[in-house]
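Letters A, B, C and D mark the chains as written, and numbering starts fresh at 1 in each.
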Amino acid sequence: MTMKIEIKKISRSEKPYLLASREAKRERTAVDVCGIKIGGGGEAVVIAGPCSVESYEQVLQTAVAVKKYGAVMFRGGAYKPRTSPYEFQGLGVEGLKILREVGDRIGLPIVTEVMSETDIETICEYADMLQVGARNMQNFALLRKLAKTKKPILLKRGASATVKEWLLAAEYILSGGNENVVLCERGIKTFDDSLRNTLDLAAVALVKELSHLPVIVDPSHATGRRSIIPILSKAALAAGADGVIVEVHPEPEKALSDGAQSLTFENFAEMMHGLTEPVRKIVGKETELAVCI
Amino acid sequence: MTMKIEIKKISRSEKPYLLASREAKRERTAVDVCGIKIGGGGEAVVIAGPCSVESYEQVLQTAVAVKKYGAVMFRGGAYKPRTSPYEFQGLGVEGLKILREVGDRIGLPIVTEVMSETDIETICEYADMLQVGARNMQNFALLRKLAKTKKPILLKRGASATVKEWLLAAEYILSGGNENVVLCERGIKTFDDSLRNTLDLAAVALVKELSHLPVIVDPSHATGRRSIIPILSKAALAAGADGVIVEVHPEPEKALSDGAQSLTFENFAEMMHGLTEPVRKIVGKETELAVCI
Amino acid sequence: MTMKIEIKKISRSEKPYLLASREAKRERTAVDVCGIKIGGGGEAVVIAGPCSVESYEQVLQTAVAVKKYGAVMFRGGAYKPRTSPYEFQGLGVEGLKILREVGDRIGLPIVTEVMSETDIETICEYADMLQVGARNMQNFALLRKLAKTKKPILLKRGASATVKEWLLAAEYILSGGNENVVLCERGIKTFDDSLRNTLDLAAVALVKELSHLPVIVDPSHATGRRSIIPILSKAALAAGADGVIVEVHPEPEKALSDGAQSLTFENFAEMMHGLTEPVRKIVGKETELAVCI
Amino acid sequence: MTMKIEIKKISRSEKPYLLASREAKRERTAVDVCGIKIGGGGEAVVIAGPCSVESYEQVLQTAVAVKKYGAVMFRGGAYKPRTSPYEFQGLGVEGLKILREVGDRIGLPIVTEVMSETDIETICEYADMLQVGARNMQNFALLRKLAKTKKPILLKRGASATVKEWLLAAEYILSGGNENVVLCERGIKTFDDSLRNTLDLAAVALVKELSHLPVIVDPSHATGRRSIIPILSKAALAAGADGVIVEVHPEPEKALSDGAQSLTFENFAEMMHGLTEPVRKIVGKETELAVCI
């Protein structure tokens, strides 16, 4: 069932993202993923896990570690969008099965990327939240089909998407009937090659002003540089983000993808230690860091 | 059937796009679309038509006009990738039928955009060449499925794709078994808002050096400004492009999309007059402008 | 007198900014401006004031207000770099005199922009710190002459400068004999027109890792949007910045320049209230917010 | 003497560059440099020479060669804007003397860069045209002083300047009393690192529509890649440019700066051969390539 929308009211130049706007809904949306609430003014969440699912053992070890230090959701790619056709493309359904089994065993909801319309049904069987990657942010056919599921969607910002284009991509999902959209800033493409992308925290502050949707930040893909991910996670929460999503790997130097930006378990433990205490203070009384026990 | 590729030979940092490279194939590829050859060092081609298919009458009028002035292929969108879900999304299959009927009646091959994996089969019934739009350049699921058809593919450059990423997107199609890829430069996203995008003709010259694939240029989307499209079409051919693709509409001010960048029939006639004579000279003996008779 | 530099040791590709690097100096530099220390791991500083000096009354009112709420240094432009020659160009020497008189009366050190080599001597008479604007970051003639003064220099990042280019601009000043350089991130030019520029807080974290120089952040120019400046000031400090510099005006809607991004006194008071408490916690024990008494 | 300008008429949002606009002056401006006319709808010009003046012998050899093949003006840097203070900074006045002597001996007007307000007088003694580099396009103090000379000015576009900002930089010179401004597109900074910068030929077409000022193109700095400079020179003229400026060096591999983008004498000869014949045709009857005899 699609929500009723009075298209005549829409003025493209003024408020083109109707349902995503704060005018449409004053209270902040909290998206519920198996009991974990993202957004809504509650606790900030930390989602962690490896870039790619490589083996059951790797996923299990990582899940145990990240849960121990405070992550409340697990990430891992079974279908990988790789720039080259000759790079590791992910384990596919085998990867999904590993994620599901480990998620159930350790007690962490699972978020994983969907790259193809024809994979949606299968992934919905295994995952608790579906991620739309930056390259597919304007894959409108995919967005329309995801709107027909009721699964929570993690909508990454395209690497060259303006804030308006990003909110309009969310609008495709909302107007199609699925209200469970979490936005994710993951860096934009600019002239500066100092880091992998340019993390745009002002966009986070802006989106929190324009929209009721939750926003999280991915400092791993945004920077590609392990050493600054913890401090930028702090900055993301200070800028108003509802959480962060980071890459963690048992042995980053052996990772099949994104090794340079993956945290070790020790790095992650330090990052979480740095976040839990002070973050409660900086973001005010009502926002604390959610920690699984 | 997929071509055999020796993955071990691939060195990502040196020559990551193996099959698209000139090292793999010294002679220039000519892609044949119903007898029209794009690339291969032959005549430059002009592809023209409206942004969106709006009605049979509109398509027919436009096709008659563009053929009269020298276009050798017809473009028109039945499925439209629109930034907002509330904008006109195209006529779908009805649009495809109109394109096919007019194409047959006037004698112009048809190129139209495919946005969804699940539309490929249908579009292949009606169109002679399938276009992958800029937003889907890294929709790898779509690219992989298009590789299984043998249809010619017009692969637009993503608005924030590097030349390497663009050639690697082509590599997905080539390595999947479809050699009929034509690249299309259509402007990139930069800080400058003077025009719709920044037309990157140096990338055209570079791709012609790195790859054997044909490259055409879309000055309509690149600039969004009618008045400079003719002179930039000249510049594109001078930079080595194998052709141009432009938007033409009977009444641009009434167009359902992209009116500001659409040429009138009169504009198109003038543009073609400006191209046919001098272009033969600037691009050298073997490249002349193909004109339908 | 210029410091002795062994140029032979310099390897451009590896560590081109020799004196600015942490390899050259492990401890963090604190730049002293009339007793206020910027950087060095001490308290974060807040610098505030109007974009342009408009009148004695405007400057006095603003200085009283910003000092009251915790600013420790005053900013104001007497020479304004304006995109158009027909825009207000600043009061020049009259503006400098106003700044000096108010600075002395209220007890706030003054920072103001220098746009011309031939103004350096005059500005040095009136100001405590000289600002190099984004447009002049690679005005090497200006940098070389500023290196001959011993005045503290606030070196804004060019709107399209990479981190490396920014540090090399600092290197011009350092290698010329002036060690008192404070870097200032003020947003970069990208494709996204949602805000005035794109604030690059990851660059702040990166520079703190690569260099011993202090770094402050200008969220006013970076965003051009009043409402998000306070929260981005928090985020800047969380990202490791040694301070922030913001625009404050008694009546922003009447400002001769940059009204849309100027805070009212009330906005500034709220921003400072939001910073003082929690920021002490987020940035750890040794970094507290410096407040003038 | 400054031209009288009625500032009240200026509407920033509509036509902020008053004197540079075609509304202010319908006929195209031709800037005369020692009898060579740039712009005005006449012959296209080719300016050539080394990036840096390195020695009398190098300059003489290059000047003889480029004149032989058709260049009508000579370029060479005596003051070099280098990203790092440790790189070769140019020969200064010695370089100017070499340029003047060779220019007189061979009969080629000289264009060279001015980086400092305090060098203007000296450079005016030796050079026929003064170049403002991309990094100084918004060095307003420099522009204002150059407006007081009557020398022709070659105003390079800043690497992140919009077309509007570029025309407003020209407006500083025009409104200060110097009408002899030639604009030069030299590539902009974008996300794509395939080439040194992104050559923006659509901006050339746009500026020719908005302004009466001459525009030339520098494909050497725009691309940094020797092999594609000749074909992009063709494309620049096809896009409406009034000329090109290219780097030529007797032994590019030994150049003190910009070797990778410098043409050898042989490359230059080929490029000119490629331009002279066809270019006459493509740009229409009244625009031919000016060749020194």
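Worth pointing out:
Note that in this section contacts are C-beta pairs under 8 Å (C-beta built on N, C-alpha and C of every residue); 3 or more make two chains touch, one makes a residue touch a chain.
Keep in mind that this is a model prediction, so the values were computed, not measured.
Looking at chain B and chain C, the chains in contact with each of them are A, D. As a whole-number value, the distance joining the C-alpha centres of chain A and chain D reads 48 Å.
A straight line joining the Cα centres of chain A and chain B is 34 Å long.
Residues of chain C found to touch two or more other chains are 160, 164, 189-191, 193. Because contacts link each chain to all the remaining chains, their graph is best described as complete.
Of all the residues in chain C, the ones that touch chain A in their complex are 160, 162-164, 187-195, 198-203, 205-206, 209, 219, 222-223, 225, 227-228, 231-232, 234-240, 277-279, 281-284. Every residue of chain D that touches chain A in the complex is listed here, in rising order: 160, 189-191, 193.
Within the complex formed with chain C, the chain D residues making contact are 5, 7, 10, 12, 16-18, 81-87, 115-119, 135-136, 138-142, 158-160, 164-165, 168, 171-172, 175-176, 189.
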